[in-house]
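Could you have a look at this structure, given as structure tokens, before my questions?
By written order: A, B and C. Residues from 1 in each chain.
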Amino acid sequence: MITLASDFGTPYPAAMKGVLLQRTDARLVDVAHDFPRQNVRTTAFWLGEVLPYFPPATHLVVVDPGVGTDRNAIVVRAGDHTLVGPDNGVLLPAARRLAGDAGRLEHYLIDEDGLGPIEPTTNQSEPDSRGQHLPQGRSKTFHGRDVFAPAAAAVHDIGIETLESLEWLESTTVDVDLKLPTATLEDERAVGEVLAVDGFGNVITNVPGSALEDRARVRANGEPVPVGETFAAVSVGERLVTVGSHGYAELDVNQGRGDEAFGLQPGDRVVLEPVPSGDG
Amino acid sequence: MITLASDFGTPYPAAMKGVLLQRTDARLVDVAHDFPRQNVRTTAFWLGEVLPYFPPATHLVVVDPGVGTDRNAIVVRAGDHTLVGPDNGVLLPAARRLAGDAGRLEHYLIDEDGLGPIEPTTNQSEPDSRGQHLPQGRSKTFHGRDVFAPAAAAVHDIGIETLESLEWLESTTVDVDLKLPTATLEDERAVGEVLAVDGFGNVITNVPGSALEDRARVRANGEPVPVGETFAAVSVGERLVTVGSHGYAELDVNQGRGDEAFGLQPGDRVVLEPVPSGDG
Amino acid sequence: MITLASDFGTPYPAAMKGVLLQRTDARLVDVAHDFPRQNVRTTAFWLGEVLPYFPPATHLVVVDPGVGTDRNAIVVRAGDHTLVGPDNGVLLPAARRLAGDAGRLEHYLIDEDGLGPIEPTTNQSEPDSRGQHLPQGRSKTFHGRDVFAPAAAAVHDIGIETLESLEWLESTTVDVDLKLPTATLEDERAVGEVLAVDGFGNVITNVPGSALEDRARVRANGEPVPVGETFAAVSVGERLVTVGSHGYAELDVNQGRGDEAFGLQPGDRVVLEPVPSGDG
């Protein structure tokens, strides 16, 4: 099984799928192709939340603002999973979770020249009616198609235990070991930040849900807000703080958009603290 | 085969797919994940139009504004198909069509505690660098991943004829039996409403297409509009009333947006009546 | 393998998939369903760039502003691939590339009446609670479901070498043989146009990338712009001209939107010429 994640929208992921399917019979599963453009950190957060629910697989990830520069292309072996993508940190938070505290976490550098050429299905000896061939060789701007997809197909088919037999892989250490920020918890005050906003507008922070235990209300960035176990704990359109499905404190609105109601975006600071007696 | 439908956008459906693929080798087919957020009725309409074109399958549907409340999780056996989702009515219009007038239509309550835990692929004995584990046990806010996906995988794999052997299913009656509104037809006047607007902006009503038979023009909410068999029956940018692919009267614009031209949204009232002689 | 491409958004492609899966076990792969609505030319461009990366397959394409009119439904045999869609030109640029200069390029007319009926999974002898049946027979407005999907399933399953055994196919010539416009190259001046804007906002022209060779800067519609091999050749937010992954000159912004920075849309004229000495 190969999963695919990118910030490509469409139709570029289809070119990656074509390249994969030229090389492998693996099942292909889309994670998402609408991750925020060139946003390595938010993509890394989501992958860490989603990939651990998959059975052992090869995860192809292309959020790659440095495409074509000297940033490396890497493969990570993390427990029973492999990840393939750029060495910009996007793979690491998910890889650490997939490895767990007992599993292996090993990094390999892809030698792009060793991968061999991409061969589109065309036998043109002459330029076509538009005066040109399909590009031959690797592009500088679409390594998802020209580097990561062929690498992922080969990694999948060779099998996780025999990665070393791929001649174009060599053991390495990563240049960028992204760690997502952690919240600070002091007395009953949590200071964290927004990691992501989901499609419903739910504001996902890095404050562990345990910070909400046994509380009926908290002050969120200064304003008292009810704590609820479910969206329906408050009326439609009302704000609440809840523990999201990933285990973090979320600032939400029942059937509305938390990001708009709280005025928060990824990267913004969030302070959750007790409601003073007499307040709220 | 398991189909998936939700209002989740991305990447939440990927977490459901991971949970499914941990449990089953079934083919997965997306119906849509951009149904209008928390809109049970419009989703129910679309499912009724789309699912009957599938071969026998398990249909996983999660549009669930009441997630985490005491609304039930159910399985519906409808003819040769099964549907899995919340007991909020979203499954029922499609289920009635899949059953037809001769087929079985049976409802089962899911005992969530009997389903067993969701186990993400991680072996962490200690919290990770963000100070926490992946959540253990069922979340209160993502039953698509934690209840409906594992139920759908089990329902698929056990087979439609032996659902009763799943110990966590018991026969029930539904709490919410959603019926989509019907239009009234009186003399030559049809009074209905907008069921949905599609991505092209076509305004889909609940007025049967037969109400347009043998008419060259109708008055739509008071204004005379040509009746056409195809969009191209009128010039580009012009309005028309046609019979859509689902068999209902649609208010459209050739290569434009009917919702904007007619000023109509789901739930709005639509009156189609003959054009008085001398008018239009 | 059957690929699917359309301008349908959701959930209409799911109805096509249901019809396909009623008839075939083929792997289904989405190319994209958000091609610009009714835009035959831009879709044709993208298909020509993406489909040649696939292994031999049946490609189902439905961008069809003339649905229900007397435009024909066709099958194209192009090298080792087949394409199924409307005779409006959308298949042809991709088909020519898939055929190459040595391969066969043959066209077949679909006799829609020979295809047989679409049978949704319902056994209703009476109209349902909404007073009607699912539509019987072919719709006038959704040939993706009612004509092209059943044709693609049959074309896939019969096999590319025995298409002629399908009684509802007959050899034909196409009505619309779309050719994408070519740029003119004169001395060192290239005059072309915008073929597409991708999701990143990159402006894809029809000027061959070779026109940028050995240049550090060009004048793009009068303004001097650096030529770079990668987006990162310029600072974040800066404009550049580069050779895109399809081999054409692209007008881009590093981590920004080229279409907005250059004020360009599909169909707009683009002139690339040398920077006069002393300029820029």
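The rule we apply is simple: contacts are C-beta pairs under 8 Å (C-beta built on N, C-alpha and C of every residue); 3 or more make two chains touch, one makes a residue touch a chain.
Please read all numbers here as calculations on a predicted model, not as lab measurements.
The chains that touch both chain A and chain C are B. Here the C-alpha atoms of chain B line up with those of chain C after a rotation of 120°, rounded in steps of 5.
Centroids of chain A and chain B (each the mean of its C-alpha atoms) stand 29 Å apart. The residues of chain C never reach two or more other chains; the list is empty. Every residue of chain C that touches chain B in the complex is listed here, in rising order: 8-12, 14-15, 17-19, 21-22, 28, 37-38, 65-69, 118, 120-126, 128-135, 139-142, 145-146. Contact residues on chain C toward chain A in their complex (touch as defined above): 1, 3, 5, 27, 29-35, 46, 49-56, 79-81, 96-98, 100-103, 179-180, 182-183, 185, 198-200, 206, 208-210, 229-232, 242-248, 250, 255.
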